[in-house]
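Shared chain: chain A. Partners: chain B in the first complex, chain C in the second.
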Partner chain A sequence: MIENARSLNITASIILLIGMVYISGPLYLTLTTASHSYEFMLRNGLAWYPGDQLLANMARVFTETRIPIQMLNSLLVALGNAAATCILSFLSAYAIVYFRVRWAGFAFALILATIMLPLEIRVITTYQVASNIFSPLNALLDVTGLNGLVAQVFGAPVHLEWSVLNTHFGLIAPLVAHGTGTFLFRQFFRTLPTDLFKAARMDGAGPIRFMFDILLPLSRTSFAALFVLTFLSGWTQYLWPLVGASTPDMQTAVVGLARLVPDAEGTVPDFPMIMAGAVIVSLVPLLMIALLQRYLVQGLVLSEK
Partner chain B sequence: MTSESTLFSNRWLPILLVAPFMLLIVLFFYVPIFQAFYWSFFLEQPFGGGSMFVGFDNFARVLSDREFWQAGWRTIIFMVTASSLAVLIPLILAVAADRKIRLSLPARNVLVWPKGVAGASIGVVFAFIFNPFVGILAPLNSISPGIWAPGLDGLDAFITLIAAHVWGGIPFNFVILLAGLQSIPRTMHQAAAMDGAGPWRRIFDVQLPLIMPQLFLTLVLEFTESVTSAFALIDTITKGGPGGATTLLVYKIYVDGFSGYDLSGASTQTAILMVFVILLTAAQFLFLGRRINYER
Partner chain C sequence: MNAIDTAIRAAAASITVKGLTKAYDPQTVVIPPMDVELKAGEFTVVLGPSGCGKSTLLQMIAGLERVSGGKILIGAREVQDLEPKHRGCAMVFQNYALYPHMSVFENMAYSLKVAGMAKAERAERVAAVAKMLGLADYLHRKPGQLSGGQRQRVAIGRAIVREPGVLLFDEPLSNLDAQLRHDMRIELADLHRRIGATTVFVTHDQVEAMTLADRILILNKGRIEQFDTPKAIYHHPASVFVAKFIGAPPMNILPVTGDGSALRLADGQVVANAPLTGAYQLGIRPEDIVVDGKADGHAVKAALRFREDLGSHSVLAVDLGGSIVRIATPFGADIADRLELLLNFPTSRLHLFDAATGRAIPGAFGAQ
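Entry: the complex of A and B
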């Protein structure tokens, strides 16, 4: 700093300390409660110091609940969401930035608009589409009158049905329909020097070769940042997995965790086991943040510029 | 990329590249939005029992429903209080972390942790921490019973929701605002110091005006985010209670559609909520966005 501002530095330190306590406090209490028995919690309430029941509570989560198999679902959804978003966003941003096409601006606007209305708002009708993803096609055939023609020739109108509810594909696909990734890659491509493109053309590289040999290696950090961001977002989804999967074995771990809390009022739920579940469910994403924090921060900043 | 020679001129390849993503977006974004508006003009029977065109009947029914208006008002109150806190608190933290002090580095690490904790997980945790019998405020109740009763008092339940929402919103807003602060050139600080502006004054006269673009962005995104993140929190902490005091529109739509099988009513409310969100975003860009100077 330019001059010595002690009062300000002390205030800043206190503010940061409060902020860190606010963030880590709930996590610490989760951990300490998870390490005590149910009886201990009933007697003493919140546990301020760790006990010795953590492993026992975690073992109960693994044996008494579906969370282990649900963790596998979460992993599949998170990985699928991250991989599909990275690949599809990269391809569409490449097409929008590097090709002379008239519809590029229009396509980009269509993609970008998805950021405005999140899945939680349009969940009712997204569910209807997922229950038969051919329903738009059926409706189109009906409206255009093609189906009447088909019915005359073949005796019955076309009516296709394919429900993706309760499948991993169905859990992932609506999450991928989001424009952040395309935006991120587009911004990155536009920072690259045009000489790069000209040199590649001069050396005779076509669009496919340019994409694989030049653009892809350069985009490695963008890929990592977007991957971390979408993996976390896939893992922490709640509403869509809640309605998109109806059997416990297809639900994700976050939904399974929320289901551990009994609906009945009056009794105090088995909080130590639930907190142990919360620890287990949050372990994978928190580990990811600890290891790949650089990419996470980069992803958050990049998705904004 | 404006010069003609810096672009490929293939015709079909770009279409092929965009097609898979566009198909997903049309199927899971544009079709559902269209269908919500379409259904709001039809009386839809659950389980495919057919539908009937009813004009504006659904809108008349929803708009004359007291519960809808209450949920709408609660949504607006939640949006305004939760999102202004979810921007203000990270802003204060970012200004503090921007100083070269010892705590700055560990704080930057700790403050992004919530990004890895699902809204529903933190909801479960906050439901426990603020539990009136065993939670952190339980001692208050043993002094004077009923001071803290989120299961009975709507305001207490609302406060719990906001505390959980702000907790989860800190990472993104903090990172964005801190990045904005750090991109302010040092010479600006030096120039202001030369002119006699003290460190406190520089916060308000140099730093805040220069991160207006970031502040604007976090506020715009936070408004939509508060509508959506609220669902996981409500479903895990309050279930819309007590007595509907925390039933925001997103939660009411879910309950009406998936528990009440009122598809037309839920679609109509979805359509109204979408129009509201779009208008709000447009208004923000119109009234706030214009005044922001992106030049440095």
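Entry: the complex of A and C
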């Protein structure tokens, strides 16, 4: 619908403007704060105009904090999350759409359930499992009474332990368990002609060849879109890296930023430096979006051109 | 004739189906045991309404669908348990199923590449097929940049480039518009004459069946109703189902009763002399009914309901003893608009079917 009424135009523009200010205001404040010295902030409070200390503050982030190494952690977590999610989602969607798997509908429902049960809800159980990957197995042995039997025969019950807390794997793995990607690929595969699979079989290509030669090249845009989305979500994760990593050298940049605020009462945090850090940490996802924006939109509308 | 034509002609193999069945579970039997033999180099059209099992039959021959029982032989080889690639079949799909990200060349060469053929030989083979199908100028295009007819040709090219013993078509023309469908039909007939591959062509379009087939296999609920040449199927339908399925408009079927000397319509009018008793179904093609003629004396009165003028001929729908009968008037016949018509059913053009089973009773009116 296109309306030409002048008053409507003006109203719409004003609403848009308010929205823009609402969104970009904090960003502006971040930038201005980051460009003043700590002393300036102590004297004047909130900085409403840019100063000249931005580069100096950024340099301090690199020399005085662990943000650089934490950014490496973030990069590892985000890339690992994106790559693992893409591969896992692609494979599971391939199995669900192209093979007559028993209980395929049920499996797909379980995968979808992960969308409704995000990590934030099950963070405590996830922590329990991460602290000992074998704890579900141990519990199972206890419940079924098998362990009692083992204890009688060998003198001690089975108790396996393997903690992945404070490792990169432990940071990545719980993030990967998410069904959005499977759903995305499934929807995309559904838009492809079903005879493609049969045609490939007639041409002599088995399931593996079909996947590499035909399905994979066709899914390029979906891959790119899912990669960007999961990379961004991995980069900006806060809760799980906060509990999953305990030493500063293992924490991610977003958690590290929050930790820059001193715990002690009474001291004023070094906001210029923190804001400079925030700017640096935001640059990576910003760059990512700028480079892959085309795929992000294409992949989400699920149209292959 | 070039190398690829000869190669395909040489590869053409017969298909023998013995007791072939398909059932998804005991209640849903798609194809009850079927026996049929398709000769090498023959163009067979499998015709039937949707859901009659014709696509299932094709996919079982291709190896895309498991058989529930029975055997399929291609040439002398039992193939029912082989993978599609080992059966020597190639298939053209309804929606072409071209690989969208590959060029025309890559689409056609893909099966050769999978089979491990050397690059130079691949290029040569594809070039020969492309030339034969008039695709030589389009080899570097993607399927998305081609018209419907060209895509169809690429799909055919992709199938014949492997020099298959059997060529399978799954309703390949149903996506094209009327004009293109007509052109492609001629192209397909021409192609078959040149390469002589054993061809199985599934369709629900009787025009395609009549024009393309050496023999037509008519399926109804998985059973073979008739398997014969187009001419025989048109002139001697084996059952009411076939009679009604072939022809436009289809054959008229009227319930009649024999009193020992004549066949009477439901309203008592005599249509033909025959020493029969009991209930029958009488069939006559719309173009065989004579209007106002003075044939062998049995004229029946019918009320005209409506007429459709189609230029070359008109189709009259009349009410005869409670059932609607369609009459295709011969070219140029000028029939005045009036409410009552006198019709003659020439005895030599009548078909008699069993009232209960619907099967034809040959020779009911003497030699046919």
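Criterion: the second predicted complex is superposed on the first by the 275 of 305 C-alpha atoms of A that agree within 3 Å, B and C clash if a C-alpha of one lies under 4 Å from a C-alpha of the other, contacts with A are read in each partner's own complex, and residues count from 1 in each chain.
As a working rule, a residue touches a chain if its C-beta (ideal position, glycine included) is under 8 Å from a C-beta of that chain, and two chains touch if they have at least 3 such contacts.
Small disclaimer: the values here were computed from a predicted structure and weren't measured.
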Touch check for A:Gly45: first (chain B), second (chain C), both, or neither? first
Looking at A:Asp203, would you say it contacts chain B, chain C, both, or neither? Reply first, second, both or neither. second
Return first, second, both or neither, reflecting whether A:Val143 touches chain B, chain C, both chains, or no partner chain. neither
If you stack the two complexes on chain A, which partner ends up touching A:Asp213: first (chain B), second (chain C), both, or neither? second
Broader residue contact with chain A after superposition on the shared chain, chain B or chain C: B
Should A:Val153 be classified as contacting the first partner (chain B), the second (chain C), both, or neither? neither
Which residues form the common part of the chain A surface touched by chain B and by chain C? 198, 304
Under the touch definition given earlier, write down the residues of chain A that touch chain C in their complex. 193, 195-196, 198-205, 209, 213-214, 217-218, 304-305
For the complex, give me every residue of chain A touching chain B. 1-3, 5, 8-9, 11-13, 15-17, 19-20, 22-24, 26-27, 29-30, 33, 41-42, 45-46, 88-89, 91-92, 94-101, 104, 107, 110-111, 113-114, 116-130, 133, 136, 173-174, 176-177, 179, 182, 189-190, 194, 197-198, 207-208, 210, 232, 235-239, 242-243, 254-255, 257-258, 260-261, 263, 265, 268, 271, 274-275, 278, 281-282, 285-286, 288-289, 293, 296-297, 300-301, 304
In the complex with chain A, residue positions of chain B that touch it: 1, 3-10, 13-15, 17-18, 20-22, 24-25, 27-33, 35-36, 39, 89, 92-93, 95-97, 99-104, 106-107, 109-129, 131, 133-136, 138, 151, 167, 170-172, 175-176, 179, 189-190, 193, 198-200, 214, 217, 224-225, 227-228, 231-232, 235-236, 239, 250, 253-254, 257-258, 263, 266-267, 270, 273-274, 277-278, 281
Of all residues in chain C, which touch chain A in the complex? 59, 62-64, 83-85, 89-91, 93-95, 97-101, 110-111, 114-115, 144, 158
